[in-house]
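Since the structure comes first, as structure tokens, the remarks are kept for the end.
For clarity, chains are labelled A, B and C in written order, and residue numbers in each chain start from 1.
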Amino acid sequence: MIAEIFSFFYQFADVFAFLILSAAGLAIVFGMMGVINMAHGEFIMCGAYVTVGLVHAGFPLPLAQLCGALAAGLIGVVVEWTLVRKLYKRPLDSLLATWGLSLVVTQGMLLVFGSSVAGIGTPEGSFMLGEYSFSVYRMVLFVAALGVLAGIYLVFMRTRFGVHARATMQNAAIAQATGVRVNRVYALSFGIGAGLAGFCGALYAPTMTLIPTMGAAFLVESFVTVVVGGANVLLGTAPAGILLAVIRTALNGWGGQIVGQIGMLLAVILVIRVLPEGMSGWFARRSR
Amino acid sequence: MFKLLNGPQTLGESRVFWISFLLVVSVAMLYPAAADAYDVGNVAYLLTWTFMAMGLCLVWGYGGMLSFGQTLFFGVAGYAYAVVATNFGGDAGTTFLALIIALLLACTVAAVLGYFMIWGRVNGVFFGIVTLSATLVLSFFLGQTAGPEWRIGSARLNGFNGMKDMPALNVPWAGGEPLTFEGVPLYYLVLVLVLVVYLGLRVLLNSRFGNVIVAMREDPQRAELLGYDVRKFQLATFVIGSGLAGLSGVLYTSWGQFITPASIGLPAAAMPIIWVAFSGRSDITATLVGSFIVLWVFQVLTVYSQQAALLLMGAMLLCTVIVAPQGFVIGLVQGMRRLMVKGAAPGAPAEGEITA
Amino acid sequence: MTVLLETRQLSKRFGGHAAVSNVDLSVSAGEIHCLIGPNGAGKSTLFKLIVGLHSASSGQVTFQGADVTRHQPFERVKLGMSIKMQAPGVFKELPVRQNLRIALQHHVRPSELTAEEDRLLELLGLTADAARPAGVLAHGQQQWLEIGMALALKPALLLMDEPTAGLSPEETYITGELMKKLNSEGMTVLVVEHDMAFIRQIAQQVTVLHFGEVFARGTIGEVIADARVAEIYLGKTRDH
């Protein structure tokens, strides 16, 4: 009985981790700058590739993963400085431009690296509960997702950078007038968003085949979570993650992966129609 | 009505333009006499995509609604044609019945989705996200229809492999054998359709309808306050533009006698956006000319490397947004015009400047 | 005199805040009616309720004898309203002539459109700018263009929210004279305004709003003489 309940929780935790880890970076970029980063999947891919490359070079896995996240973050800062910066307040153009970038990167990687690269295996370790066997690594991912949420909370709520960032989110012009280096906030925020995407890729690298288009597997999920959650990462992304994970787990169980994906897309369509600002907008309005 | 071929919403209205237009049409009509059947069929193939491009130009460039749903309607119509043509066989005009049913179905789906979005005040980026999501839903759904239970009548949907070997468009012809539209006959059919659609859109865009839709693109509230039910105009625009994508879908399916979910999902869904953004979405002629050129370049490149072709598409999209958001073809035309104005006598009106 | 526009107990609440409360307003055919009041009095909200950009929480709006409370703005325009909002609402990317055409094409035949456009351009002093995008016009010219578009609808009732915002005193005066001329030809006008000189120039009937309610109403002479009205504007009575 306990095993059954835990089994459901395990599946939920698995989906929840996937949603949170893939969406966190996108949510920060969208919430901060109103930019829809269609190249989000490529930062994930970057984190995964760097991780795998370093592991093959002899690095221990956790260190390689951190480096993967860092690499993606640094590249994110460069991308922000050269491209995204020109596209604030132009959500349609930022969507198109980052989509173009995504195509360039994935096709470029396919040309240079070919379609697949030797991966790394999932760290072993499982535990039993009743008749079910569960992977330890999957639970690590769940803990990592919680850690990411906690980290975002700490950074945005308890640091000076966080205060500056939230001020910029509310009203960039006034924030700048009070001395906040808005450009730096944007660059760092995009870097954090890209770094979180890289972290997601790094964490999932041991569980997936590495192909240049692997980012696409995360894109739909992360998008749906961000749209359903709304612009506020803490108020929106986390509850959206919970809600969508429940829905997805139920749909997966009933009809399989494809039904789950279709269900998520239908959820996006419904939420945009009914709750245009996502759950964070709904929460914000209720508290007024 | 012919006066409306020229107007405030379309570039190119001088005598020079129309003479060039007639020249191009004449060359196009005579082309099959000079080229071999393979090339002719290929040009016909390239032209079948232009309906989808012109439709998106109407919806996005003139109507102000970014729709990622062109391949959705392409797929709906393509699959509908395949299903109906497969079920009813391929003679005595049933294929044209299939074409009509397919177009009607695409327009109906567009009307339903459009009503849902427009009356729900979904606009801007979210319009794009909803249409993209709907497109992906169809593509995912069709991708998993591999089993034998997925059939409509005698037509199996076949999952990722898609449907094939359905009858191509044909009509009963003198002498017993039906005239199948492939090669040269298909070329002429598509060419005539392109001309009808292009000229028809010019007339539509310069009419009162066109005046209203560009106004609602600029400022929907202001357009409403001038007494127009903006929602109805937006819906009509969306249905027409999506129906044109459906036309592309049917012609494509008939040309190749196959249709797969790959034509619907990513990266296919991004392609019309790239053609139209690159060409210049705010003008129908720029879109027609630019899209044809881009399609041709893409085809040439794909022979060498599909990755290189897609990479170029991505780079073009990137460059367009950063360097020439109004579109490169339009940018080129504007540049040429400025050169010509400098050359003209001072005081002479610039070529193409809005005149009554 | 026939009543052209009437609101009965019209109210609008946003969350817990009542922006407009139980407003009874009556505009008779052929008059120039001004809606005034201090900042935050609810004038713009009331304007939007009459026009249809806000939906009423309670109460009724009647226009030309028809209950339009639940009507969309475009339906009210079709019944004979013509609306000019506070922010300049011209189509900035479209040429000036095109702006007028979109308004005119409702009831002008295609063959006569150009002549009508020319006539309006002449009236507004914009003939030289006909082909330029409306966004390059000076602010005052944009306001006039928009008034021109509103007039092109040949409305029974012209509604304007602060039409002289951003205009110089000369431009304000000319606008006022234009209003009076149109009114003498039979047009009814309802204006929300701040500019007391403009109001004194054109107003015949005035309704004063304060905290969302009707505070006073009457002819322009009566309202100007009313000490309580001066008090809500200036915060002190005239006796001091």
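In this section, a residue touches a chain if its C-beta (ideal position, glycine included) is under 8 Å from a C-beta of that chain, and two chains touch if they have at least 3 such contacts.
Since the model is a prediction, treat every value here as computed from it, not as a measurement.
Centroid distances built from C-alpha atoms place C farthest away from chain B. Across every pairing of chains, the maximum count of C-beta contacts belongs to A-B. Distance from the chain A centre to the chain C centre is 50 Å, each centre being the mean of its Cα atoms.
Remark: chain B and chain C have CA centroids separated by 43 Å (rounded to whole angstrom).
One simple way to say how far apart two chains are is to compare their mean CA positions; for chain A and chain B this gives 35 Å. Residues 8, 208, 211-212, 214-215, 218-219, 221-230, 353-356 of chain B are the ones touching chain C in the complex.
Against chain B, in their complex, chain C makes its touches with residues 51, 53, 72-74, 77-78, 83, 85, 89-95, 97-98, 101-103, 105-106, 110, 114, 117, 131, 149, 153. In the complex of the two chains, the chain B residues touching chain A come out as 66, 116-117, 120-122, 124-126, 128-130, 133-134, 136-137, 140-141, 143-144, 266-267, 270, 273-274, 277, 305, 307-308, 310-311, 313-322, 325. Touching chain B in their complex are the following residues of chain A: 36, 83, 86-87, 91-93, 95-97, 99-105, 107-108, 110-111, 216, 220, 223, 227, 258, 261-262, 265-266, 268-269, 272-273, 276.
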